[in-house]
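We just call them A, B, C, D, E and F in the order they show up, numbering each chain from 1.
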Amino acid sequence: MEFTHLNPDGTARMVDVSEKPPTAREAVARGRVILGEKVFPLVRERNLPKGDLFGAARIAGILAAKRTPELIPLCHPLPLSKVEIQFELNEEDQALEIEARAKTVAQTGVEMEALTAVAVAALTVYDMCKGIDKGVRITDIRLVRKSGGKSGEVILEGGLHGSQKA
Amino acid sequence: MEFTHLNPDGTARMVDVSEKPPTAREAVARGRVILGEKVFPLVRERNLPKGDLFGAARIAGILAAKRTPELIPLCHPLPLSKVEIQFELNEEDQALEIEARAKTVAQTGVEMEALTAVAVAALTVYDMCKGIDKGVRITDIRLVRKSGGKSGEVILEGGLHGSQKA
Amino acid sequence: MEFTHLNPDGTARMVDVSEKPPTAREAVARGRVILGEKVFPLVRERNLPKGDLFGAARIAGILAAKRTPELIPLCHPLPLSKVEIQFELNEEDQALEIEARAKTVAQTGVEMEALTAVAVAALTVYDMCKGIDKGVRITDIRLVRKSGGKSGEVILEGGLHGSQKA
Amino acid sequence: MEFTHLNPDGTARMVDVSEKPPTAREAVARGRVILGEKVFPLVRERNLPKGDLFGAARIAGILAAKRTPELIPLCHPLPLSKVEIQFELNEEDQALEIEARAKTVAQTGVEMEALTAVAVAALTVYDMCKGIDKGVRITDIRLVRKSGGKSGEVILEGGLHGSQKA
Amino acid sequence: MEFTHLNPDGTARMVDVSEKPPTAREAVARGRVILGEKVFPLVRERNLPKGDLFGAARIAGILAAKRTPELIPLCHPLPLSKVEIQFELNEEDQALEIEARAKTVAQTGVEMEALTAVAVAALTVYDMCKGIDKGVRITDIRLVRKSGGKSGEVILEGGLHGSQKA
Amino acid sequence: MEFTHLNPDGTARMVDVSEKPPTAREAVARGRVILGEKVFPLVRERNLPKGDLFGAARIAGILAAKRTPELIPLCHPLPLSKVEIQFELNEEDQALEIEARAKTVAQTGVEMEALTAVAVAALTVYDMCKGIDKGVRITDIRLVRKSGGKSGEVILEGGLHGSQKA
């Protein structure tokens, strides 16, 4: 009998975290939706024909954070202990800033949960604005801070305001 | 640059439970499906054209309990350690009584899991009876007991029989 | 060889609708959450500590309507063409009335989608109020109207106001 | 009895598309993951410790497209007839370009499906690279083309190469 | 600028079925769970400690059929018009035979839905028997018949009884 | 008033594991897809028209492992700490061998997660080969090893190669 090995070391797998101790972890991610001049005033005045943008995007983002391991193949399931999403209108860029904050006590980090919350909240914003301008664009989805685990605190960016000043 | 804050303290968020210690928790919820005189005898005689009502409703309720955090936006994911669903035929009211019991060891309670199990089991009952009488009605979904966590044991109602006598 | 048949006519199954022509269908369902005297004023004043109740419950109900066939074992998947959820505060009963309306063009009705939307919206209301009063209770989830398909229009109840007068 | 109406015209709802005829529809969306100088060579040489990036991101994106209506609250369920995801390495910007193409025959467009596929493929890329550089950033998720429906063909951008030249 | 193409013709994609006309389609799949001498009598006597095997496995299989496109990456979503699961005890082989039948009117076949129903029903059987014998084994999951579409009727095997005689 | 009890001891329920201490657990499961002479060479040469078989099946299996408690009614949710899937071509039998390995630290075992990963990976293989030969067949899905918990290490079969020699 003859076998051909198909599993070089580089094949995709969920890495083993069972030896790592659970620690308190937090991650903050941000993204921006560039609304443009047609959509921005309608969002600011809460006047969109499809209804309450912030409520829908916030709930969609929170729910998506909880489904991160169903969406991202190699993510470990985590007992999320907090998810929070904030919005800020950025008049200068006619954009909406989205920030998600996730916490857990687990063997691995919550970056993906925070990033997924931002991405799905942003997609929900697009969906509710696309009838007015299909050119709305989602951009700058990134991790801004994480803490807990072996790497301790990692700060990639300042506060929500500070990040805008750059 | 100018920002308009959109996040008053009252916006929806999954509250932070990461500081709470995990404790053993249990919740019992109940509900009633008023079947009426056309449907009740068919349920009692297990003679419904769509098949085994109790098996389908029980499995649907158990599966739904596990998906509670996907359905209820601000619910925390929980490692459910037990779910059980019981039925009783209430001849007097031509109704079906449903009771769900859920357990976990976690930082937050399992009330929503027990209530969701009852609600989805009841919806499954409706679905299997609606071909005979569309007037079937789901009612009195409520928490009857919980234990564990800061508030300790809370008993809102007596045993399944007792509750009927009221 | 010997076989024991395990499939009497009464076993659960998704019935065959492939011979039925697709028709426009609509269903309206309602339910009530009895909030009680502690919770009712907080809901009316939009002052709940967990945040925007109506936004969260509405989105949860709409999303749940779309997942009805995942939750209710014998439901057929349907291309939902509309889902809408409305709330009314019922001062007299210190209750919140919930109404869901669903539409499709399909071979089978949308009753379960409308009822599921009401049930999950009501569970979300419970979740957001349970920190204040665990005795909140979900009641009277029922179909009030359906149209389309072989049975045509079926009206079980009048308008949202009318139903309250009874 | 007294009711307080809580449903101004602006509340979120899945709009009614039941009167619209189904037509063939297609949408193309794109996004970019800025990998940076540490991650880019590993992706190019297919040398990431977490394994086959393109296979994982492609499958994650295709699966996510099919779950769009579960994630985006007001999206209608659609019978997707095709989903395809392509990647291109952009040496100049040390970035990975992602393009998703979705088709359906339905009453409403597939823009959200294509955008969701791009977003989840990009999140999967981040997940597989974050062990090397947490500063990887997802950017420029946008619609580039759609056809079908009332608005006919809408071209917001040229071919995958052309878009890079801008 | 320089691009490296990463999408040879062989990359995974959901193939385009938008040009194919919807036709009535049916598929029948079967599988076998070899229970062995410890488990078989308990299943036959319906005496398993975990409860009603057939009800649980049937509902699990039906629900899984509806989620096939979420599980199998390149499967198209289908409006299932019927799913039915049957069991037969095979005394000779101390096995349980499982048959699933799925129907739709669609542009592509329902083989995967029928096969997924069988596989998940069989996994459910394993789960309910594993406390007694971990050596239970799932085998011979295969398509036995399909009809509809370009290839018309394809019969790979005779009736449930006949197949056993082979 | 009169009640008819419907819950004999034998009704399906998720058993209570809340008293069991969490321990490190691992499970290994295997299965085989008999490809046959038409499909086998195409798989070996990676020449299937639907694209990269191993990448798609591996990701599908890993994602399915994480969704096991949604699919298998009485399974407890588990914090999976590792999932890995391996393939081997078996020239002699013109078959593909699939092995899944799952780990957790939990109150109950991960057998179902490993078995579900194998089953869904195998279904994905069928899906990608069915255009060439509908007679492909999934067989011998079984547990080969488990450790952790009360029963300690249970070895039902030797290494992947050894198992082939039998």
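Definition applied: contacts are C-beta pairs under 8 Å (C-beta built on N, C-alpha and C of every residue); 3 or more make two chains touch, one makes a residue touch a chain.
Which chain is which protein? Per UniProt: A, B, C, D, E, F = Cyclic pyranopterin monophosphate synthase.
The structure displayed is predicted, hence computed values, not measured ones.
Of the chain pairs listed in E-F, C-E or D-E, the one whose interface repeats that of B-C (more than half of its contact pairs identical by residue number) is E-F.
Interface comparison, D-F versus A-F: the higher count of C-beta contacts falls to A-F.
Centroid analysis (C-alpha atoms only) places B farthest from chain D. Placing every chain at the mean of its C-alpha atoms, the farthest one from chain E is found to be A. In whole angstrom, the spacing between the mean C-alpha positions of chain A and chain D is 15. Chain geometry summary: the mean Cα position of chain A and that of chain C are 30 Å apart. Multi-chain contact residues of chain D (touching two or more other chains): 11-13, 15, 52, 54-56, 58-60, 63, 67, 73-74, 77-79. Working note: touching chain pairs come out as A-B, A-C, A-D, A-F, B-C, B-E, B-F, C-D, C-E, D-E, D-F, E-F.
Those residues of chain E that touch chain F in the shared complex are 10-13, 15, 31, 46-52, 55-56, 59-60, 63-64, 67, 71-75, 111-112, 115-116, 119-120, 122-124, 126-128, 130, 134-143, 146, 154, 156.
Every residue of chain F that touches chain D in the complex is listed here, in rising order: 52, 54-56, 58-60, 63. By the touch rule above, chain D contacts chain C in their complex via residues 1-7, 11-18, 69-70, 73-74, 76-79, 106-107. Of all residues in chain E, only 24, 44, 54-55, 58-59, 62-63, 66-67, 77-92, 103-105, 161, 164-165 touch chain C in the complex they form.
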